[in-house]
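Questions regarding the structure given below will be posed in turn.
Note that the chains are named A, B and C in the order they appear, and that numbering of residues resets to 1 at the start of each chain.
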Amino acid sequence: MQSQPEDETVAGIDIGSRSIELVVLNPDGLLRSAKAPTTFDPLGQCQRLMEGIDGSRIIATGYGRKLFAESFRQVNVSTITEIQAYSLGARFLYPEAKMVLDIGGQDTKVISLSETGKVLKFEMNDRCAAGTGKFLEFMATALQIPLESFGEFALRSDRRIQISSMCTVFAESEATSLMARGERPENIAMGLHLAIVQRTFAMLRRVGLATPLVFAGGVAQNPCVIKLLEEQLGQPLKVPENPDMVGALGAALYGENYRTVDV
Amino acid sequence: MSNSHDAMWEKLNLDLEAHQGLLEVLGKFYGDIYMSQQGRLRGMEYLDFVLSEVHGLRIKELQDAKAAGKKVVGTFCVFVPEEIVLAAGGIQVGLCAGAEIGTGEAEKVLPRNTCALIKSFVGFKLARLCPFIESCDLIVGETTCDGKKKAYEIFSDYSPVYVMEIPQMKNACDRELWKSEVLRFKSQVEEVTGNKITADALKDAIHLVNERRRVLQRLNRLRAAVPTPISGRDVLLINQISFYDDPVRFTSKIGELCDELQDRVKSGDGIVPDGTVRLMLSGCPMAVPNWKMPFIIESSGAVVVGEESCIGTRNTRDLVDEDSMSLDGMIDAIVDRYMRIDCACFTPNTERLDNIVKMALDLGVKGVIHYGLSFCQPYLMEAYKVEKALAGAGIPMLAIETDYSMEDVEQLKTRVEAFVEMTR
Amino acid sequence: MLDISELQDNDKKVAGIYCLFAPVEIVRAAGAIPVSLCGKREQPIADAERTLPPNLCPLIKSSYGYAVTDSCPFFSASDFLIGETTCDGKKKMYEFLGRIKPLHLMHLPYSASEPHALKFWHEEILRLGGFVEESTGLEINRDHLGFQIRIHNKIRKLIRKISRFQAAEKPPISGLDMMSVMETKSFFVNPEEYISLLLEFIAEMEPIAASGFSPFQQDAPRVLLTGCPVAKGCEKTLRMIEECGGAVVCMENCTGVKGLDLLVDENEEDPFLALARRYLQIPCSCITPNDGRLALLDQLIDEYRIDAVVDHTWQCCHTYNIESRIVGDFVEKIHGLPFIHVETDYSNSDVEQLRTRIEAFLEMARWNSSACAQMRKPYTQA
């Protein structure tokens, strides 16, 4: 505790398939947070993000954590899984949280937490695009709507239609045929959002639905998904201000706890 | 493996080129998964040798035995009483396969949505890559799961299969059914081998198989020591080889290995760093060369200290009672012992839940990983109950559903790592 | 179809059954009413998937879903359930189902043709008898059992007779309608009243059949639908075949004629043994080997002058799915007929893909039928 200031900083970095998030903490609190797209050069992107934070502890999480740990050997690096990271981050932001839902770019995670915040059970969907952010991205492109406004666009629907295809590729064909039949694109968008929420709900039920439910990850910025989930849940979700930073935050917190335990 | 076996393989109608390819891939995998381990027991050299010669010298031994008049019986299930085969002077070998081989061939006759183990043994046969199948004088199937039951019908287009009816329940009438099936099997084996089974021969056979079970039980006790003295991978290999190797030699060699293990336990030598999470595996069996799951687990900060499946305690836990002197008494003892197998094909199979919980508590593991092969309905459906039972005992469980492919290795690693983090 | 009030207004116990293997004569002889609880709709499946793995036959999930949500009036009306160790999925599902209502599980021997099987199944039928007696408080009287055997034989013969209307050159009703008629055999309270209804129906049908009326086109390929059961709610494939111009003139499945030709020997001294003998012959794919199915298909292909065979199986039904190859080889090689295997579930997500396949298949069947026209028995022109 009496060491130089650099030793007191802890960084959490969440290297995902689409974006990389960084959170740096020191005993006073949040020092820095930053985000960058992963691109084809994730390590280069990490390098850029981490400028100026040498010497501190880094905890890496996400899809690219092993790659990061192997490449940044000169720094003090450990890794934890996204499950651990998201649960720590969510619990920190919402101390009463019982469940965490993370719909990311390429996977979806559901985590149930104990009274003390420990991971009780988890389930992941990382083999199929349907039910992940990829599905929405794909569909937004098909309907030629920018991804960031896809949720709002869907909220302008005037009726709910059911998309029956389970598969992302076929759902796109279905959306196209609906367009050809004159269906309003807003309604098609709503149907697609409904599909992803239905899949998510099945996962939530299998793990054991519990509230308060923290909704994190990139897709938590989609107002339509939030609305539909809250409808199904029957109560409001806990959505952090920066839902895609929760993993990096959790990783940094892990580093902090670890360091405190050491001392 | 030397090409001096080519002549033998050719006689067995193997596809030599493809077989050579298979052996090379197998060798590489083995190197990555097994030989890369640090601090292995010297006794494991025997297993390395047997594995390296599993299609070579072992097959030659079988061929020599056949030339001397012995018969080889191939089986796919721990239900088939090896004691009967041995008592008739036969040799029993396990034909369950653990590699994605001949999948293209297999998928011509089986639906793609079939368990990997079944597709594998059918694939091995159709692609002409298994010298064990080709060496069998009698191939025995059983009415265990739907997949196997119907797959044998397809398989019998290529090689005749004698099917034993395994009871689905464990009431008194089911025991009688099983007994009649054991006796029918006995007649079949006597016919194929040309030898009548005598009380003396059966007594010796029972003792022999019990001794093999005992040595594996001893291994299970020693491997559970803290710090873990032998990897889960190595114990899995030992169990897998028990289905292929000569029982007398195998028992003796593993006995030696256990002695070595005992010394290691005494001196407190472990093969994993302190704090490595101790886990147990449960569920579907892993046939040679399926080493995927233990490899993933042991590369994720944990070590496997027990297996509940057919290549673990389900196979070795129970002995055949050796008290009886009469043939009928011995048959009864065999019937009783085999009825205790707690495969998920049985219903309601509540004893399996008790066995798993007891085993997990005895081993003091931090968690249980339930391994289900995709499309294996019995085990996948039981996983729900196993989890509840373990939760009741305060033990977390991770349910994995996978196949033989390497596509999902990273995803599985993430799950296992997350589970290990959870259990710390 | 059966009105639920008929069940509820009765003072008799209701036995929920899930399979053709359940000996209904025993149930009725002990004073209970058997009713089929097989789930036919997609709706309850989501709830079933909280406990059962999603990769499971939709019929099993649907059945369990109804039970666990208590959303099926027939399930609610059931006092006890009867299950059998048929397929793995059902076998393990019954373990969960038995927690909701009392369930008696019959152990079906798979190697039905082996000597041990009959003796074993005979004992299982006796054991079932004991269970039903205990549940109803009524003893099974041998004479009454004999009466139930005779009356159910009669019912089987009548329904089989009804099915034969479709063997005509101009089938008088659609396969979809015939399916609805066939479904009634699992849902009647009073056997004698049911027989009257069947006789009435036959009387109505005879003139229609004689008139040569048919809802089908002249060149509609005559399709045999085999495989897993289909019923109202999950009749997607059958409907599709007929929408695409085919005529489903025969169904070789549990909903259709499977087992209708198997009568219980009324002269056998021990009625329980007679029942065992009959029920063990049901050609379900859970039996190994299932030679009875090929024999039945052989007979039906000739009887109904089939042009094409559609083997419809539910997703994850391992036994029928693996057996499909054996059936396909038989149909194609022995009978030289076009064959297609369709694997689907209760959802509508694959309707278009199904349509494409079936349309293409029927095109093939038409071509085949006209090409083989010379080789077939001449039709008597109406």
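The rule we apply is simple: contacts are C-beta pairs under 8 Å (C-beta built on N, C-alpha and C of every residue); 3 or more make two chains touch, one makes a residue touch a chain.
Computed from a predicted structure; not experimentally measured.
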- Any chance you could check whether A-C or B-C wins on number of contacting C-beta pairs? B-C
- Which chain is in the middle, if each chain's centre is the mean of its C-alpha atoms? B
- So which chain is the furthest away from subunit A, centre to centre on CA atoms? C
- Query: Just how far, in Å, is the C-alpha centre of subunit C from the one of subunit B?
  - Reply: 39
- Starting from the mean Cα coordinates of subunit A and subunit C, work out the distance between those two points in Å. 48
- Could you say which residues in subunit A touch two or more other chains, in rising order? none
- Could you pull out which subunit C residues touch subunit B in their complex? 51-53, 55-56, 85, 87-89, 91-95, 98, 105, 107-111, 114, 116-117, 120, 123-124, 127, 285-286, 288-290, 315-316, 318-319, 321-326, 343
- Message: Applying the document's contact rule, which stretches of subunit A touch subunit B when the two form their complex?
- Response: 80-84, 118-122, 124, 126-127
- Query: Contact residues on subunit C for subunit A in the complex?
  - Reply: 46, 49-50, 54, 347-349, 351
- Report the residues of subunit B in contact with subunit A in the complex, numbered from low to high. 396, 408, 411, 414-415, 417-418, 421-422
- Note on the structure: Seen from subunit A, its contact residues with subunit C in the complex are 164-166, 170, 202, 205-206
